[in-house]
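Here chain A shows up in two complexes: once beside chain B, once beside chain C.
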Partner chain A sequence: MKTAIQRGWYFLAASPPVVLVAVFIGFPIAVTVIYTLGHLGGANSAISSIALHQVSSNGRFATFGAYREVLTSHSFLADLVATVWVTAVSVAVVLLLAWLVALYGRLSDTRLARLLTSFAVVPLFIPVVIGSYAILQFWSYGGLVKTLAHAVGLPGFPALGYTLGGVVLAEVWVSLPFAVLMIGSGLRSIPDSAFDAARDAGASVARATWTVLLPMNLVPTIIASSFTGISILGSFTVPYLVGPTAPNLLGPDAAQTFQSFNEPQQAEVIAMVIFALAIVVAVPYLWATYRSNSGAPSAS
Partner chain B sequence: MQARKMRSLGGRGARVLLAGGMLGAGALSASVAGAYASTAASHKAAAHKPAALKGTITVFSQGDVNVQNLWSNTLIPRYEKSHPGDHIKFVFSTSSSENSVVFDELAASAKAHKNSVYDIVDGAVPAEAAAAKLLAPVTPAEVPLMKEINPDAFKVVNGEATPLRGSEVLIAYNAQAVPNPPTTLNGLLAWIKAHPGQFTYCNPADGGSGSAFVQAVLAKYTPAADNLKMSLGYSPKSEGSWSAGLAELKSLTPDIFQQQYPNSNQGVLTLLASGAVSMGAVWSDQATTALHDGQLPKSIKLMELTPPLAGGPDYLGVPANISATEKALAFQFINWTLQNPQQVGIVRAMNGTPAIEFQYLPKAIAAEFANYSSSPALPYSANTDSDMNSKWQSTVG
Partner chain C sequence: MGDVPVELRRAERLVSTVTTGAEATGAEATGATATGATATPATQARRAPAPARRRRPLTPGRAAVGLGMLVLAIFIFGPLLWLMLWAFAGVWHYPSLLPQSWSLSWWREIFHYPQLVRSVGLSFTFAPIVTLVSAVVCLPAAYAIARFPVPGRRTLLVVLFASNAFPKIGLYITIAGLFYALHLMGTFFGVVLIQLLGTVVFMTWIPAASFASIPRALEDAARDVGASRLRVFFTVTLPLAAPGIFVAMVLAFLASFDEAQGTFLVGVPNYITMPVQMYSLVSDYPPQAAAVFAVLLSIPSVALMLLVRKHVLGGALARGFELR
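After this line comes the complex of A and B, so read on.
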């Protein structure tokens, strides 16, 4: 058992970051939340003196007027659907590709396999804005892909620049390295004996992967998908550069509402929606970490 | 110029005007000396008036490297040279997100009854700050040369900011593809529908050239009195008459290149340069610089529509909440920028239009602007503009 003094020391050691988070993140979030609920005074008085189309609670406890306005707007709903769609498709593609790369690296101990797994991590070292712009140029009208397709007699080949498909492509590019690292290291920590035993018992590689490796690597997979999902939900640079005029993801939508429409209250409502979506995506992550921390049997 | 809209998101607009800015600045001294020799004598007195006040002022500006060069290489060194004892502390950002930081500082310091740290703000901030009544009114006593500026330019900003330079939105066309371009707005709209995929304008939230085009179409269906109201202030009621214009813009979408709106002023130039489109709405200064630099082929020509699209003066504003001495120093500097040599220098460095009316410029310089309207349409005020962006995004975008 820890003594009270020990616990006191632990608390003290942890307190600077806790205080930092409380002051610089917690407080602004609290101010933002009450602003979206119509409290325009106090810490919000400077921004509310310049904003357009605000909804005020007029002294009441709260008003959901700003939420009602945003949540019933057609363009917001289109952006919400686009965000959920892009996130779901991107996470699925990232998981599939990361598993394939990691599995190849795990099962085939050749130089080529090692090269491929290291190669998959390269996007991590290229700034997102550079990568996004390169993808946009590569896939846009007049880009290399479209030009080549045209040259071989496929004039109808789609240009992915400024489409949600292009956003998925760029999000996958950005997110793949982390997923490969996460899933790859999880796979490497599974002992050979577990996989070999299944193979010896007559299971095919596919079946052994499905029944042995997948369940044993479930926690890293869930962590990778949660992190990928949260970062795509809140992403800005990729959809801003690669995405279409409308509908686009909620990140650029919030920025545009804040800056170009001068409607900070509505922008913060959009931020709250992103926050709520991120919480939903974080639930499996919390479950997985709880499970692995509590030492449940199948966790690696 | 485009500073007005560059606030909409950082590097997105990132225009590569380095070469243009530098070349312009290099050629400056020679051309200015020549032009200045022929200047009317009336300016001489103002130019040689000894500086009454000495001190340091802080200037904030935001824009691309061409704007930075204008301040660092031209305006500041010349001012400090001709006004011994005066100093300018220059704060510059290439990221437009900095505009909201500065704007928040103005709003917060005014709210707290403290002095602002800035004495002059340039770029996108003045229009917004004037709309929020955070700037000091400009008077002939403080800025005598304001009489050479079109009075309408002051009305847009409640008389709280002074134009430094200008540019207007023109139609660029590829003369090889379009030998006889339409010269009226209605002619252009018909042309767009007759030539699908050949025209584009940028998202009005992302660039002022797009705003000017959108505003022109909206204005077609809006009573002139309402348009004026929306330029000189904020009149949400007048915005009701926008629906017909928005419907017309929406009907253009299928004929816009790729049905996607470029997300910067530069995006339109890129499409023109590659030949993807034959016509587009562009800023005069930006397109002229691109033509000088060879970023746009010589086959691209610029023309003004009838009625002219909106112009976008770049303003200097003096915060209301600074000391009387700093205020006097700031207005002394602003008046100096309106003198002939400085205005000619700005025209050369930026390929833009002067703030003062053409008649006050040397004849040789004024002749270069023969194709320009002396009265481009007034841009919508900052708040009207925000609403226009929002309505465009929800109906057209």
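After this line comes the complex of A and C, so read on.
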């Protein structure tokens, strides 16, 4: 029924953002890949003309010299471990907190429960620079937490500013709203009857949550964890402002490699490593959305 | 009823309190902020349909919930309030819980730096432009993806998603090379473009989900009674999708308003926006200056948050991230 011309029009209507992304994100990613493999000419000639310490493929298909150099460096490996650690811990804490907030909002439909959900969403609207700076001040030496610890006789309480623990706190702060919205929206779409049936059969709230709500809300939970993980892996502002000098996350590491050491090729290798980690984190998300859509045929 | 935001209902009640008897306002506010379990007889009477509330016994479970909420509230708001205090602090040395002296001097001082004033103007110029351009580029696509059998639409959505997974810093380094070649470095358009890239994904996804969630039957019914396609779009489809579009536009505005890394790379030295300025304030100025600037930078964000809070909490944002 649909003619080829009509299909062409639909495609054309859908294409502007895709063209924008293809030209200014897709193409640069492709250029980045060949740059890290040692191709310094063509689209890379501008950047490679100012760069220090490059590895060239010298006309061969590819060289892994830049990768070998970065991946064997001790500071990089320390940053890699820090990145994986901070991401894993932050995602776990975000999921736990978001589930608690969303569950309370779902099970107890009181004014207080709704207020709690609105609280948890506030950081979404605060610029990340400001959130990070505020958290740094709050948890640092001289901040409220340290001041209160001092007041109650705990002078040895650690100041978390400029530590990876502080980075975890700030990443959780920044990521919580999205997870609460995702998981909360998923929980709200589960009918009361599913939960009530389990309760009527004698299950406790905890058991009914574990055996009914959790499996039924698995897809939003996976979406929340994938997006949170990806944004933390590639984050720059939070670890740059709150984190220690070294080891820190790979985002600031890449920025420093480029801006301070003027080694864009090595910086791009670090970016490729972040990208690879992000793809690993994205796999459950793609699996979950494909799976949830393949069941019923779409109405549209 | 469940979706009516708390603030709105509270505001309504506050208005009625103010108009009928101002003396109850104080009690109302404390009742709302304390636990919600107590209310004065005056407010109780005015809240006619609400069931009578009684004080429930304090069980360990309820105490744990209360404590958890308090900890979360401090975790979220503590840093922001602490920064607010710094904005009005004169002298403040550890371990004093409050500043030793108060001062407004940095609120005046900040406006004596022409560079800072200019950055405020620039931020408020870029953000609306980026939001509008993003809407023009993405909204027709969102509608097409939601309503028409676009060839390869699933692939389109996944490609948009993948573009989000590549770390920004790596992207900016290569884009710098591209922008040099296109003579976009240090230009107004270059900054708009780099900020635009950060908005494309949700400006397409969230409105697409809103369009998709509108039942076709509504549009068909309007067509059946003789409305033109265009009329159906503007009187039926668009108003129903408006919350999602609105949320996406506010997020785009904030993303542009918040963007520092790419703006720094492309805009320096001609276009230094507020968040870019914030980096140098943090390292080069006393905490008071950074705090004042941070409070200023937060004002539009908080205002926009109050505008869209209802729709964000109602699921307009969450729907956009479930690929369909």
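Here is the rule we use: the second predicted complex is superposed on the first by the 290 of 300 C-alpha atoms of A that agree within 3 Å, B and C clash if a C-alpha of one lies under 4 Å from a C-alpha of the other, contacts with A are read in each partner's own complex, and residues count from 1 in each chain.
Just so we're on the same page, a contact is a pair of C-beta atoms (placed from the backbone, for glycine too) under 8 Å apart; a residue touches a chain by one contact, two chains touch by 3 or more.
A quick note: this is a predicted structure, and the numbers were derived from the prediction, not measured.
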For this session: Check whether A:Val21 is in contact with chain B, with chain C, with both or with neither, and answer first, second, both or neither.
Result: second
Exercise. After lining up the shared chain so the two structures overlap, which partner does A:Asn262 touch, if you call chain B first and chain C second: first, second, both or neither?
Worked result: first
Exercise. Comparing chain C with chain B, which touches more residues belonging to chain A?
Worked result: C
Exercise. Does the superposition put A:Leu187 against chain B (first), chain C (second), both, or neither?
Worked result: neither
Exercise. Looking at the overlay, what does A:Leu213 touch: chain B (first), chain C (second), both, or neither?
Worked result: neither
Exercise. Between chain B (first) and chain C (second), which does A:Val174 come into contact with in this model arrangement: first, second, both, or neither?
Worked result: neither
For this session: Have a look at where A:Val94 lands relative to chain B and chain C in the superposition and call it first, second, both or neither.
Result: neither
Exercise. Where does A:Leu164 make contact in the superposed view: on chain B (first), on chain C (second), on both, or on neither?
Worked result: neither
For this session: Check the residue A:Ser73 against both partner chains and state whether it touches chain B (first), chain C (second), both, or neither.
Result: first
For this session: Please indicate which partner A:Leu124 is in contact with in the superposed arrangement: first for chain B, second for chain C, both, or neither.
Result: second
Exercise. Do any residues of chain A touch both chain B and chain C, and if so, which are they?
Worked result: 46-47, 129, 141-142, 241, 255
Problem set entry | List of chain A residues in touch with chain C within their complex | 2, 7, 10-11, 13-18, 20-22, 24-29, 31-32, 35, 43-44, 46-47, 97, 100-101, 104, 109-112, 114-131, 133-135, 137-139, 141-144, 146-148, 150-151, 173, 176, 178, 181-182, 184-186, 188, 219-220, 223, 227, 230, 233-234, 236-237, 241, 250-251, 254-255, 258, 264, 267-268, 270-272, 274-275, 278-279, 282, 286, 289, 292-293, 298-300
For this session: State the interface residues of chain B toward chain A in the complex, per the touch definition above.
Result: 7-9, 11-12, 97, 100, 103-104, 107-108, 111, 128, 132, 203, 205-206, 258, 260-261, 263, 274, 276, 382-383, 386-387, 389-390, 393-394, 397
Seminar exercise, completed: Counting only contacts in the complex, chain A reaches chain B at residues 45-47, 49-50, 52, 73-75, 129, 141-142, 159, 162, 240-241, 244-246, 255-257, 259-263
For this session: Over in the complex, which chain C residues touch chain A? Could you list them?
Result: 2, 5-7, 32, 35-36, 65, 68-69, 72-73, 75-80, 82-83, 86, 94-97, 137-138, 140-141, 143-153, 156, 158-171, 173-178, 180-181, 193, 196-197, 200, 203-204, 212, 216, 254, 257-258, 260-261, 275, 278-279, 282, 287, 290-291, 294, 297-298, 301-302, 304-305, 309, 312-313, 315, 317-319, 321-324
